[in-house]
Structure formats: structure tokens, C-alpha cells
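Got some structures for you, see below.
In the two complexes below, chain A is the common chain; its partner is chain B in one and chain C in the other.
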Partner chain A sequence: MSGATGAILRIRAALRLYARLVSCSIRAKMQYRFDFLASTAIQATMGLYDFLLVAVILWKFKSVAGWNIYEIGVLYAVARAGYGMYRMVCNELERFDQYIVNGEFDSILIRPYPTLFVLLSRDFDFTRVTWLVQGAALLALCTAPLIRSGTLTWPSLLHIVLTSVWSALLYAAVALATAAAAFWIVRIEELQVFTLNATSSATLYPLDIYPAWMRAALLYVIPLGMGNYVPVKYLLGKGGSAASLVLPPFVAVCSLLVAYRLWLWGETRYHSTGS
Partner chain B sequence: MEESGNIAIHAQDLRKVYRIATRRPGLLGGFGGLLWPKYHDIEAVQGISFEIPTGQFVGYVGPNGAGKSTTVKMLAGILHPTSGTISVNGLSPQAQRQKLAWQIGVVFGQRSQLWWDLPAVDSFEILAAMYEVPRSDYLDFMKRFSDLLGIDEFLQIPVRRLSLGQRMRADLAAAMIHRPRVLFLDEPTIGLDVVAKSRIREFLLETNQSQGVTILLTTHDLRDIEELCKRVMVINHGRLVYDGSLSSLRDSAGLPTVLSVKYESLPLNLQAGSVIHANGAIGNLDLGWPVESIDQSTGTVRVAFDRSQSPAPSIIWAMRSFGEIKDVSLTEPLIEEIIKRLLKSE
Partner chain C sequence: MCDNLSFCSVDYSSGGLETVIHRQVRKFIVIADKGFQQNFVYLASHGINTVASAIFGLIYISLWRSVVPPAGFSDYTPLKITQYIAYNQVILWFVQFGIRVHVRISQAVRTGNIAEELCRPMNYFWYRIAQEAGVIIYNLLFRGIPVGLLLAFVSFYVPKSPVVWLWSVIALGLAGYIGLVLFYIVGITSFWATEIRTAYWVVASLSLGLGGASMPLEVLPDAIEKIARLSPFPCLCYYPARIYLELSGPGLIWYSAFWSLALTVLAQFLTAKARTKLEVQGG
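Take a look at the complex of A and B:
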């Protein structure tokens, strides 16, 4: 009993510290006011650009691989909102190789907390809130006609919202594993293009449009497709089973655990830089 | 725990090998390196053992690339040794990194631990929260470190706008906020002017003597060692070449300051290796100052001497008897020179 309360107190203290560190990182960024405002504005407007492209195509062809514009919109909204959540919390993972190149990781290792906690608390990318707003707006826009036509029910809409959280966890797992690779190969920009950028763009669209091997890769190797495609397909009545709803959170948590093991292993391989 | 009663730091057969990818020349070579990388090993630390009792102030010196920083980073839990064991306050820096972090303070002269874009005071507040320092202790800390290091002079200034000396003072204070029992200082005086250096030395001495904090200090500056450390460890090419008191280091290697004297015209009777005596005579007895080298083109004679043994003016006085002196300059001893002498005296 006392062990459990001790753990709760520790988690509460860690959360309070996290909030404090994050508020400092936001305050530090506010020092460069113009940069902060400009990047918020860019995030807010640029994110939907890809979708407009698809919308134009659908305007002409009505449907792609059996998905109409509203259905693709739902898929897209889930991925966008998930990506926004992931980037908000895990922004430092994307530039983690800088910590290895400059030996900045030293400063993280001297603190009495897990390295990942200290690393993530260094930046909270508030500007990504705009992606959440985009996702929510797009979801509202696309689900209204789907509910009217009876394709989607209210409870499944709730489930779709939850799905974006699994999506965020999967992005985080892939990004964490990619960042951990920096402990061995130092620079990870090229690797990120392959593991994170290409895959997250690919999963914005229904996986049915891709060849089978690529679909398999996006479901079982870098399982970003588990975050939106599998559950949304089932919820829209396009196939799959109840497993389509259970699998995503399960795969997300397992991927995170594997990625974190890799991270801890990498930590022991850290070389630092000479001074 | 029992055996570490009054041993703060214990290192046994410490080794660190870095595996570096070998670069091959040319475009083809670079491409080959991508496909079939070749590695070579660099043994940065090659079997170092030492014990530091609680409360000791130890200087750790050596030339660039000798393995100083690598050793300190292994002791602080940043790097994992290739082999060997470490215990700091009875804890393993690798297996118990987080637990040990509550008990040690680390300062890197080259890299600040402070929040760059925020006023200095924010860094202290954040660290106080991170190390769960009670409010009353924090206020005591601010008062004490304002007296000792004058941090109150720049609390509201963003760290990026502090001078190097101010930043170093702030970094030192930041490393002390959780009252560590052991301090690792990697080149804390690098690049500082004389005034800033002496302020930091005063503070370190006070911390060591009145707080009983164990300090391991790496430095290039032998004056740091002279003024602070009772014990010196000298590292060269990853090995300890000396471990003992400063006075016996002086006995075996001397701490040669070099006096350069420029003459109107070069005295013909002086040669490299001649020994100059206090009365202005030349002899070959040990009781004198040896001429290190003579530069014919500029008419400069360089004489090595130990500051603690002879005052510079008395040497200049003696050297006046060889001719009209145009200019005089002093060069403090370099660690490279000490090592050369150490290896020679063995």
C-alpha cells in the first residue's frame, strides 16, 4: 500500500517538474517573439496543403481505392492530430543527433532522472497545437456527412478520436527507435527520412493504394498504419474485425517498450566528444 | 559501503577504448568507407587506478587528449568504461547513475549547464526544483553564493549575455545547489582572466576546506594546482605518470618558469646548458639556473627556474652581468614541459 502511494507521489513530483521545465522552454522560445509567432502561423497554414491536393484529385475521381473524400479526410485527420500530439511532446527526438554530435547529451546524463525524461522536458512544441486544431476541424467536417449517411455512428466517432492517441504513440515509438540509432551511427537525418517522414506521409492515405509488400511494411515493420488505417477502416465498415480496435493500442505500447529498450542500450554506448 | 567509509572515489584498472571509423582518402575511399567501414581503436584511458579520500582536493593534469575528460566523464557516469571498476561515494556511476547524480556536482568549463535564453536566476530555480531543494535551503544558497561568487550581480541577465567569468561563476553555483559531496570540475578556469580565476580559486578552496567537499579538478593551468591542490595526478597518453604531492612533483620535475632575456648584443660566453649563478658567474654546478636555449637571431637567452625557489628579479640581476638587457618576459610552466621532465627523470 505504502509502495503504491510512494509511486504515486513520485509520479506527481515528476509531472510537476515536467510542467515546470516545459513552461521554461516555452518562455525561452518566447524570447524570440517573431520567430515564435511566424512558426505558429506557418504550422497553422501549411499542414493542410497535402490534403488540399488529395481533395482536388478526389474532386475529379470521386473515390480512390474505394475510399471517398470524407473517408480519406477521417484517415488524414486522425494521422494529423496524432502527429501534432507526438511532435508537441517529443520534438527533441527529431533533432536528437545534435545532442550526440555536440556532446550535449553529457548535460542530460548528469541529472538524477531518466535521460528520456530530461530530454523531452527540454522542449514542448506548443506551435503544434495548430495541427490538433486542423485535425479536429477536418474530422468534424468529414464525419458530419458520414454520420448523416449512416456510415458512422456516434460511438465510433468517439473511437476515432481515441485512435489519434494510438497514432501519436506509434509516431513516438518510431521516432524514439530512430533517435536511439544516433548512439551508433551519430547522424540520423537520412534515417529519419526513411523511417519517419516517408512512412508518416504514406499513412496519410488508405494503404489499399500501395503494393502488398509496402502495405505489410507499414503495418508490421514500421507499424504507423496500425494507428489510423486499421481502426478507421473497421469503423467505416470497410473490413476487419474487432481485433482492428484492440491491436492498435497493443502494438503501440509494445513498440514503445521495444524502442525504449533500444534507447537504454544505446545510452551505454554513448561516446561523448572530447573537449 | 563499509570499505568506502572515507574513500570518496575509487577507480580500479580503468580503461576506455574508442572505436573510430577510419577515413580513406578520395571519393572512392569515402564510398568504400560507407560500405566496408574499417575501424581502429583509440585507447584513451589505459588502465588507471587511484583512490581519493573524502575531503581531498586533487588536481588532475595532462596535455590535450591525454584522457583527462574521459576519466572524469567515466567517474561522473557519463561514459561507460571499457573495463575496470569505479565507485563514487560507494555507488557505481554506471549502474547507479541516477542515484549518484543526487550526490555529485559536475562543471564543464567548455559547456554551460544553464538555460541559455533565460535569466540566470531561472536556472537556479529550475535546478532547485529538479533536486528538490527546500525553499529555505534555496534562499540560504542564494545568499551564500551571492557573498561567495557574487551571483546576485547578474541574476536577471540572460545566460547567453553573461561574460565568460560570470557564466563560470553561475555554472559553479549551479553545480553546488544540491550540496553535492563530490565535485568534478573539468577545466573550470579555461579562458578566464586573472581576476576571475583567483575569485574561482578562492571559492573552491572555501568549498573544500569548510564544507569538506571532495574535489577532482582537471586543468591546464599549473597555478590552479599550486594554489589549490595538495595532491596531483598527471596523466599522459592515457596512463598515470605521476600521483603524489605537489612538493614531490616539484622535486622530481620542477615547475620551471621560463625567463626570456633579450640582450642588446648576445653575450658570447653563454651557451645552452650553461648554469648561471646568483653572483653572475657561469658554472656547471646544480646550484643555479640552467640556460634552456639561445635564440641567435633575436639575441634572446631563455633560463628556466622554479618560482618557489628563486624570485625572478634575482635572476635578472644576475643576468645583467652578461650585457645590456633590452627586454624581459616570463612564461609560466606548461604541463607538456612538466611531463617531459617527469619522463626524463624516471
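Take a look at the complex of A and C:
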């Protein structure tokens, strides 16, 4: 058996295992049906708050930095769908510090698979599908008038869908780097508010509204703006070049690799809490 | 059997009414102080959160600055709306975000500790409010004010008149109290419901949406603005901010006083009902 074939077989085995573990995770959650449905409903309504805020503002003032409600809707939809995908797959990163505090990371270390793989397979948060649906619905609502007015074309729709995937990868990279910080500082809840919550809220609006330093931070330091703002701005004809479509996947993959290196480095610093 | 149900459960044998009230107020202060002290453990991590809160403030300020015309709208110039958002960002940890009373009640019901808590020689409602009051005072001092100092780099209004300060402190005090009671009511529903997350999100969403934290009520569509003004939610952020920024006089405090009283009566009523409902599994 060649090396390549062996690698393919290992990946297939890992994917089968992942599918099985995810299925177990969903079935476990469905044991508490009311809780599951309530969580789903809450996710659906709470996720809309930021958009309602901007919708009310636009209802009164018509445009934000030259972006109308449909254009902001597209920006919002891409970010929201990306965030939904990230939370669905990587939800366990959000509470990773609990593994360090309670010493549960020991049990992950002894599994015959990479720690990150084991960790992510522990909780597939299906309730976040509501954000994906929310993003898709908003995208459908907002792109229709933009296509009619000629601002968007049908091929650019495909780019927009892909953009939400780059967004998801960027969220995952930022979350992974933040989770890795737990190997050094243990508690990361407050850090997440800074690196994930604040930045993801900021990128729901056009970055043009922010001071230059904040715009630069959202594009190059915690590059969530690269996931939605840069490509959407170009697709809506508001500036940029073809590089605006190439850069996001490149930055997303590089960020993920850097975050994973940080995770592996952090792993070597881990010491159990003991029992 | 625990029968000390009233906040002023008068025991005349050991002194007059005044002494009893003094003792109860002392209890309130001691419990509030404990709630305050507990939070000091997390001072460093709260520092990071402060920066995040300031960034949230900056997001909303930037958003408003990009839409408000130079001539302003209603009572708000671009500078005034900046100060409105900055002030609300400071008090949000006092009136809403830092409040965990609903979680504490719900956990106590789930673990059965509620039986012990109800037996304490203090009215349960005031016990919980006292404990949480310490927490939100800590939040205001160590989370809210630092946010204000950071946002002062953009703009932060400071009234010059001591009278405005007085009215602002009263309005803010009532806002914090109303926030506590609203979430206490959410928590007390755990005596009937197995989970309170839905109730929490309803109240939290209404507080954010109709409370005026990220937008003045004048921006809302007319019908929603009218509904908001009939609810207790503007007492949380909108009224205190208007008084602090000298956009309104102290008359708004009457609304806050009314809602404080009405919500207290409701909370006490629900607490009394909850006592008769409580079932704790023995073991």
C-alpha cells in the first residue's frame, strides 16, 4: 500500500468516525426536545438583534456610509452565515477553558486522534443552523433587488456564497487562536468577548464607518473583515480589485494554519490539574 | 419553621421598630458587600472585558456618527448621540449585562439549595436583591467607569451642575434596581418552569431593544416608541441618559419610581406564590 493510499484511508476512517460522533452528539441533544427547540428559537431571534438595529437606523436615515439596506443586508448575511457554520462545527472551542480548568483535556490527549479533532467532534451544535438559515433568507431577500438594479450579477452570487465559507474559516481561526491561549492563561471567556464577540459585531457593518486604526485591526490583526467586507465591497462595485476575491481564502487558510501551530505549541505547555 | 418572611419581620422584644429596620438595612449592606467582594477575584479578566466593552461602544458610536446629519435629529447632534451611546455603554453593566440573579435562583432551585435559602432570616426577595446589588455596584465601578474613561478619548459628557448629578444618581439607582427586579422575576419563574432561558432572552431582548441602550427611542417607528414608553424598559438606559445629558428634566424619575414600586409588588407576589409551589426532593 502506497503512502498516498494509506493517507486517504486514514482520512476516510477519521471522517467516518467524525460522522458517527456528530450523530451521537445530535441524538444526545435531542433527548431534551423542549430545550433543543427553545435553544433553536432563541438563536433565531437573538441573532437578528444587530440587523434590526441597523434596519431601524436605515429606516430613519436611508444609508450608512453610502451602503443601503440591501447592501448592508448582504454584508450581514455573509457574516451571519459564516458565524453559523463556524459555531455549528467548532462550538466546543468556545468553552475550551473548561477542559483546562477541570483537567478534562487529559481524556482528550489519550485518544488516538489529534486533540483538535476529538474536541470538535464532541459537540456539533445543530441549533446554529438557524443562523445559516437566517443568513440564507436575508441573502435571498437582499440580493433580489440588487440583481434587478444591476448592482449584482448571478455569477457574483456564487462568490457571495463562497465568501461566507471564507468567513467561517476566519472565525474558526480566531476562535482556535483564542482557545489556544487557554494553555497559558487558563480562562479565556473575557478574551473571547474581545477577540470574537466585539470583532464579529464590528464586521456586521461596513468598515468605512470606523476610524482608520480600527479598520486596519479588523483587516490585518484579527482579519474577520477580510471574510465579508473586502469581497462584498468589491462585488457591490464599491471599490477594490479582483484581488479582493482571491485574498480572503488565502488569508483564511494562512490564519487557520497559524492558529493551529499556536494550538500545537500550547499543547506542549499543558499540564494537568491532577486529581 | 422558617417564618421570617417579611423584610421588616418586627421583633419588638429586642428593640423598637427603628432598631429592627436598622438591623435589616445592615443585613442588606453586609450581603451587598459580600457580592461586591466576590468579584474582586476576577479583576484582571474584567480588564480585558473593559476594552471589549469600549470597542462595542466605539462600534455603535461609529455607526451613529456615519448616519446622523451635521444638523442632528430630534434633540441629538452628532456629538450628543456620541455621548448618549458612551454613557449607556458605561451603565449597561450596572443595569443589565452584569446581572446574574436569575441564574443564581435557577441554580438554587435545580440543586435544592433553595430550601436552605428560603429559611434564612431575611425576606428572600431582598436577600437576592442585596447580593446582586453588590455585584452591580462593583460592575459600575470596575467595569463601567473604566469603559467611560476609554470612551472619553472619543467624547464623554460630564455635567457641571450638582443638581443634575443628584438626579442622575437617583435615576441610575432606580435603573439598576429595576434591572435587578426584572431579572429576579425571570429567575423566580424557575419555580414553575424547568428552564428559564427563553424568559431570560425575552426580557434581555426587550431591555436592549426598547431600553434605548444603542438607540434613542425617538428613532423607533412611532407605534413601537409608544409601546416602549408604556413599558419599564426605558427606565434602564433611556431616561437615565436623557437626565445625565441634560436633555430632560428630573420628571422622568417619576416613571422609574412608579415601575420600581410596581415591579417590587409583582416580585413579592410571585415570591409568595413560589413558596407555596416549592417541592424539594429529600435525600
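One rule holds for everything that comes next: the second predicted complex is superposed on the first by the 274 of 275 C-alpha atoms of A that agree within 3 Å, B and C clash if a C-alpha of one lies under 4 Å from a C-alpha of the other, contacts with A are read in each partner's own complex, and residues count from 1 in each chain.
Note that contacts are C-beta pairs under 8 Å (C-beta built on N, C-alpha and C of every residue); 3 or more make two chains touch, one makes a residue touch a chain.
Just so we're clear, the structure is a prediction, and the values are computed from it rather than from any experiment.
Placing chain B and chain C on a common chain A by superposition gives a fit, with no clash between them. In the superposition on chain A, A:214 makes contact with chain C only, while chain B stays out of contact range. When the two complexes are laid over each other on chain A, the CA centres of chain B and chain C sit 80 degrees apart as seen from the CA centre of chain A, to the nearest 10. Residue contacts after overlaying the shared chain place A:42 against chain C, while chain B stays out of touching range. In the superposed model, A:114 makes contact with chain B only, not with chain C.
Within the superposed three-chain model, A:272 lies in touch with chain B and out of touch with chain C [touch as defined at top]. In the superposition on chain A, A:104 makes contact with chain B only, while chain C stays out of contact range.
When chain B and chain C are set side by side, the one touching more residues of chain A is C. Of the two partner chains placed by the overlay, neither chain B nor chain C lies in contact with A:149.
Residue contacts after overlaying the shared chain place A:21 against chain B, while chain C stays out of touching range. Closest contact between chain B and chain C, by C-alpha atoms in the overlaid model: 6 Å.
In the superposition on the C-alpha atoms of chain A, no part of chain A is touched by chain B in one complex and by chain C in the other. Interface residues of chain A facing chain B in the complex, by the touch rule stated above, are 13, 17, 20-21, 24, 27-29, 31-32, 103-104, 106-107, 109-114, 268-272, 274-275. The touching residues of chain A, counted against chain C in their complex, run 34-35, 38-39, 41-42, 45-46, 49, 52-54, 56-57, 59-61, 63-65, 187, 189-191, 193-194, 197-199, 201-202, 205, 208-211, 214.
Residues of chain B touching chain A in their complex: 18, 65, 69-70, 73, 76-80, 94, 97-99, 101-102, 104, 106, 108-111, 113, 115-118, 122, 126, 129-132, 158, 186-187.
Across the interface of their complex, chain A is touched by residues 45-46, 48-49, 51-53, 55-56, 58-59, 62-69, 73, 194-195, 197-198, 201, 205, 208-209, 214-215, 219-221 of chain C.
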